[in-house]
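Letters A, B, C and D mark the chains in the order given here, with residues in each chain numbered from 1 onward.
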Amino acid sequence: MNRRSLIKAFTLSASIAAMGLSWSIQAAETIKVGILHSLSGTMAISETSLKDMALMTIEQINAKGGVNGKLLEPVVVDPASNWPLFAEKGRQLLTQDKVAVVFGCWTSVSRKSVLPVFEELNGLLFYPVQYEGEEMSPNVFYTGAAPNQQAIPAVEYLMSEEGGGAKRYFLLGTDYVYPRTTNKILRAFLHSKGVADKDIEEVYTPFGHADYQTIVANIKKFAAGGKTAVISTVNGDSNVPFYKELANQGLKATDVPVVAFSVGEEELRGIDTKPLVGHLAAWNYFESVQNPVNTQFVNDWKAYAKAKNLPGADKAVTNDPMEATYVGIHMWAQAVEKAGTTDVDKVREALAGQSFKAPSGYTLTMDKTNHHLHKPVMIGEIQDDGQFNVVWETEQPLRAQPWSPFIPGNDKRPDYAVKGN
Amino acid sequence: MLRLLLTLLLLLPLATQASEGEYFITAKPAEQVSLLEGWAAQPDAARLPLLDNLHQGRIAEGDTRKLRLNNRLRGLLENTLASHQLLSDVAKVRLAAAQQLQKSAQPAQVAFLDRRYAIEADAAVRAALGLVLANLQLAAPEPSVRLAAVRLLGETGDPMARTRLEALLEPGVETDTNVRTAAETSLAQVKRKLLFGELLGQAFSGLSLGSILLLAALGLAITFGLLGVINMAHGEMLMLGAYATYVVQVLIARYAPGAIEFYPLIALPVAFAVSAGVGMLLERTVIRHLYGRPLETLLATWGISLILIQAIRLLFGAQNVEVANPAWLSGGLQVLPNLVLPYSRLVIIGFALFVVLLTWLLLNRTRLGLNVRAVTQNRNMAACCGVPTGRVDMLAFGLGSGIAGLGGVALSQIGNVGPDLGQSYIIDSFLVVVLGGVGQLAGSLWAAFGLGIANKLLEPQIGAVLGKILILALIILFIQKRPQGLFALKGRVID
Amino acid sequence: MRAIPLPPAHPEFMLEPVLDAGSGRDAIGLGQARSQGLDARHGTVLTLEDISVSFDGFKALNALNLYIGVGELRCIIGPNGAGKTTLMDVITGKTRPTTGKAWFGDTLDLTRMSEVQIAQAGIGRKFQKPTVFEALSVFENLELAQKADKSVLASLIARLSGEQRDRIDEVLQTIRLSASAQRPAGLLSHGQKQFLEIGMLLMQDPQLLLLDEPVAGMTDAETEFTAELFKGLAGKHSLMVVEHDMGFVGSIADHVTVLHQGSVLAEGSLEQVQADDRVIEVYLGR
Amino acid sequence: MNQPLLVTASQKAGPRWTLATGAVVLLVLLALPLLSLLPEGHSLHVSAYTLTLVGKILCYAIVALALDLVWGYAGLLSLGHGLFFALGGYAMGMYLMREAAGDGLPAFMTFLSWTELPWYWAGTQHFAWALCLVVLAPGLLALVFGFFAFRSRIKGVYFSIMTQALTFAGMLLFFRNETGFGGNNGFTNFRSILGYEITAQSTRAVLFLLTVSLLVASLYLGWRLARSKFGRVLTALRDAENRLMFCGYDPRGFKLFVWVLSAVLCGLAGALYVPQVGIINPSEMSPTNSIEAAVWVALGGRGTLIGPLLGAGLVNGMKSWFTVAFPEYWLFCLGALFILVTLYLPKGVVGLLKKRGEQ
């Protein structure tokens, strides 16, 4: 080892590192919009379509003349399913590219990773996925569901005679915060409905778990003790082996219905749904919802997928997080129009009470204080064509309760967004 | 006029059926429920076609109106249908119906079931019906009936029987001491049978997991075990095999829908060819330059795996693709009331053993196998003896990759098919090969099944995660004892 | 199998053998024959009794008995597969005997010691295939072999003293590699590597030297020089040499052991052994 | 940017120039944090983004250097160094979480309805103990694992696979919520370190300076080791372990020492990494990360001290750039890079530079 190479090495690595300084390219009279979704790594499976949906929505807004007379310029980055990289890319979008707003994140951990950055730099993030709640940052707008907008109505449905009148509940989830918190809220809720602990079984599997033989056998055993429903918060990739095992071991929806909170149209694309007919999912939107806004939305998306030659374009589907992305971008655009500027504080103010006619068939409103949307809840049954048939829905959009009343201590939380929660 | 009336009269059953259907589809869910319950208690053979149609989500063939069912209605419908099927002339249909009723029969059906039981001629159906009745008779007022029912339930290994007996034994439910004692005996009997089924089930899960590990690792046993290439792209060969299966499925569905049932069989050679082809290409372009530098093959093949993953992602999308089980791989074999062996898993166990046998024959009974073994043991010497080492390397690597492709076909039947498929198997595959002893096919076989069974035995006790961690720790300890794996070559090896 | 000799890198050096063995031996200054740990009062440095080694049923060594006296130079010969290398493996702890006793001196039980302990107790070994640290220079090779505290801590703070440096220079001269002291050992010729390995043994200063085919790949002149070197070592050190080259064996050994199928077939002077009928049959007669 | 120019210059010029270049780079690295303290808008201002990015890469560089000590010098390819890095990070993270939580429990424990801290969290509110843990956790684990592995002479590929299994097991363990380290989310949302606001420019600058110092210190350490007899024993060990044993050296001790040292260095790097990037979670332990670290070393040139630094800088710099410039294609570039380097640059970039220098 000689000194010379040491020094050479230093110079080279420093020059590479310093490249970061000269990235931003200035373009005139556009509003930059950041898109922070993983395009590679494990989360690419879910997030890629959100990136495409965001690009489509931006294209549509631009086609109508943009916002405040300026075109939107999307800046797409790939945080590669790497959580620290989310924070780094978030900071880059806000400080180097100087974007007005960022649409992105899927997993809770990625949101938690970027949150300090957005709070520090006073950025604006739109988060489009259903999540566990327990958070309300002034720098984030949550366009997905809070637990009370998804989980609790679903369990109420299962309890009802119509939903099969389940007496026992098998809570199955991937071991991370969203299932844990959701199940905790559900357990408290079930207790309040008189379900005893012996009738609740809580099981967690690791990420990417692929062998559900033992678990399905346990479900069967548990179900022998009375009318049982499975409440699944199993994360994306593990669903296929889970459902396949369920079908092959002869557990039918009429015996033991499974209601899932993370399985939508996009996930069903990877599954043969014929053996799954009758299993349920709870969301705030289904592609099969019948209304003119949705027809337009679905058609636009299919046309866009075809035009951009996206992989699997012939089978393109829409789902809840895609709708939430779509709604989020439009609401932000409306708020910018209203505020007349992209200044974060003014836009935040303008967003309160903003409403938008969404593909779900409802006019969704951004809550005045809590940064969450008022959303309808729908229960859909899996059909053999990979779509859902809505079997139950709330009469009107529900207000989100990000601080669930079923978690002790939350009653002291303020009902407005505060930094650092 | 009279003729018209007569015709109408003749058509009456049809008409009633049609009107029942019309009524059903327009009725409110609550009315539908009571309708179905009523029909279940008093079955009418003429209603069977309607129920069949309803079960398929329509009211009549050709009627395009889609019937919206929910799970409750579906359950009731199945019960009602079974109730009607008891009137069938075919014993097999009646048996299936009786088995369905064991799960779903309601007290209101007792009278009807009693009648059928009395006139049932087929012994098997009669026995099944007896159980249906026994389930319901636990609530009968006469202790003698209850006693008979309890004894009958003791004969089954049905998990529901356990729940029913336990409910009966709750304090204050059963007052008759004779029945109580009999129930206790029966419960113990049922529990024993259930435990037997559970243990069998665990053993089967272990075998099944082992067969999957084996299929995943077998290709690696050749590319890594014999050629010494730390092939981090091995997982991607599995993935290519799975995607080949998907493409075959799509193509057959489009061009030869008649053969769709057999697409996995057609996919086998295709997957082998695709993976082997890609493998040979890689060997010729990259890996051949790296023999004897095992740790560097690790880096290069890691690069290859990144490229393959992203290529597939761009070609097929980041989402998983749908690979459906054909009918003969769907469902399972009901061995015991609490033990179903899925056909797909049974077939995969058989397939894994078949592939091992094939590989063994290839390596030990063919010229190519001899050459491969010669080259892997002493490359220079083999070259001196006129073995075309380059070609042998290529073919051996192709063989390993091709076998991985075959593994991919099997994996596509039980799990996800997505760009990341290979990544989830790579560590397990390496562990199997290392544990078995590098270069030892038999070692890989034992290691795969050993790991599979150990995993499945531990999982119910301490959970999937801790089980896996414990297994990893055990492997690390085991390697301490036998650094060369289960089946190591002993002797005067100079390193 | 004999290693194929490589062409020497410096033929002119090879052509000039040093015939004055005495000065060579003095030069390397092998003064002390024993370390404190070794107790060889009974005159045998190595005692092997009833040693058997089997690999999966194959007996590499079969009830072998061998005694080497203090200061003796013993040659071991035998056909391929006779168990010569296994014998060395047993002595150095690389292979554990299935049965039998192996004592170094009167007190050290070799079957209970690790390879490192055996080496530290004073048994040095030269491999059949010359094994040197190829990435290190010749000088560094010798430095590592030098008798010193070989613990981790010591090597972290080790500094070469002038005395140690002089020793290395002396050995470098003896093995005639002074000119190549700073070259990486991997660049040496086959013969030079043999000498370097012998040099490392000298630096290690063991009581018992095991030498596996030390002159394979050497020119005649080098072989002759090696023979002189070994003869000079004998007396104060004990040597056990495994060799095929009968000329070489004849030039150094007064005592020869013939191994066959894992046991001792004959023992005695080279002439005696060569006259033995059984030996002729299995080995020499062909 | 004029550094690339310097590289070419240093190839032509003599060692004096090279020394000067090294000094300049070091000065630039030392100046970066100071420049970051300048007000925004100043022409020389360095953004927090650049600072954390470079800081992160420097942490990776330390990992690469540590890995090179065991791989390049002792010939033990570890595919589990991410575990040690993460353990150091977690130890620091525990302190930061306690600091953020004040007297209460860290937020994720409240989620799980835990009412008191698990025993292994005891004392983590003290910075000094956290620092001890930073060293002890990876150090002890490496010691135990190394002791068993080296005792039974596991080496080569076996060693690599075992280390990979080890980090995989660690990842699974930390993914569990019951393990008590925040599960998949790990630790985020740090507030302050030793009372200083963690997002303050000055805190960042100090952390950056510490990282540079640690890097320089580990370089010096590596240089001293490589120069010492110990370093030569390691090289000897890598090339001919048996010969070394018959020379009377016990390889276990040497391996164990460098293995534990390397693990501790990784732990320290992890501890500096966490407050700078603001998150630590189990995915740092994923085998992929550890393989990537091996790639940095191979790319830069193993068995040299500079190679790993160069490799870590190059790969991560490229990653940062590619993920923005070609988000869909960067894996192709990265993959192709690995292949090309192993095929055509067996000695890494340093080998290439040396060759150029000799010509």
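Note that a contact is a pair of C-beta atoms (placed from the backbone, for glycine too) under 8 Å apart; a residue touches a chain by one contact, two chains touch by 3 or more.
Chain labels with UniProt names: A = Urea ABC transporter substrate-binding protein; B = Urea ABC transporter permease subunit UrtB; D = Urea ABC transporter permease subunit UrtC.
The structure displayed is predicted, hence computed values, not measured ones.
Comparing chain C-alpha centroids with the centroid of the full set of protein C-alpha atoms picks out D as the closest. Remark: among chain pairs B-D and C-D, B-D carries the greater number of C-beta contacts. For this pair, chain B with chain C, the centres built from the Cα atoms lie 64 Å apart. Averaged C-alpha coordinates put the centre of chain C at 45 Å from the centre of chain D.
Mean C-alpha position of chain A lies 73 Å from that of chain C. Along chain D, residues 172, 175-176, 242, 328, 331 each make contact with two or more other chains. Among the residues of chain A, those in touch with two or more other chains are 39-40, 175, 204, 206. Only residues 1-23, 39-40, 76-80, 82-85, 87-89, 91-92, 95-96, 107-109, 112-113, 115-117, 120, 134, 175-177, 180-181, 184, 204, 206-207, 407-409, 420 of chain A touch chain D when the two sit together in their complex. In the complex of the two chains, the chain B residues touching chain A come out as 29, 68, 70-72, 74-75, 78, 103, 159-160, 162-163, 198, 201-202, 205, 208-209, 212, 310, 313-325, 330-332, 334, 338, 340, 342-345, 414-420, 424, 456, 459-460, 463-465, 468. Residues of chain D touching chain A in their complex: 1, 3-4, 6-7, 10-11, 15, 18-26, 28-29, 46-50, 52-54, 56-57, 61, 108, 110-113, 172, 175-177, 183-186, 188-191, 199, 219, 223, 226, 277-279, 281, 283-284, 300, 304-307, 309-310, 312-314, 317-318, 320-321, 323-324, 327-328, 330-331, 349-350, 353-354, 357.
Across the interface of their complex, chain D is touched by residues 92, 94, 114-116, 119-120, 124-125, 127, 131-136, 140, 143-145, 150-152, 155-158, 200, 204 of chain C. Within the complex formed with chain D, the chain B residues making contact are 230, 232, 286, 289-290, 293-300, 302-307, 309-311, 314, 423, 427, 430-431, 434, 438, 465-466, 468-469, 472-473, 475-477, 479-481, 483, 495.
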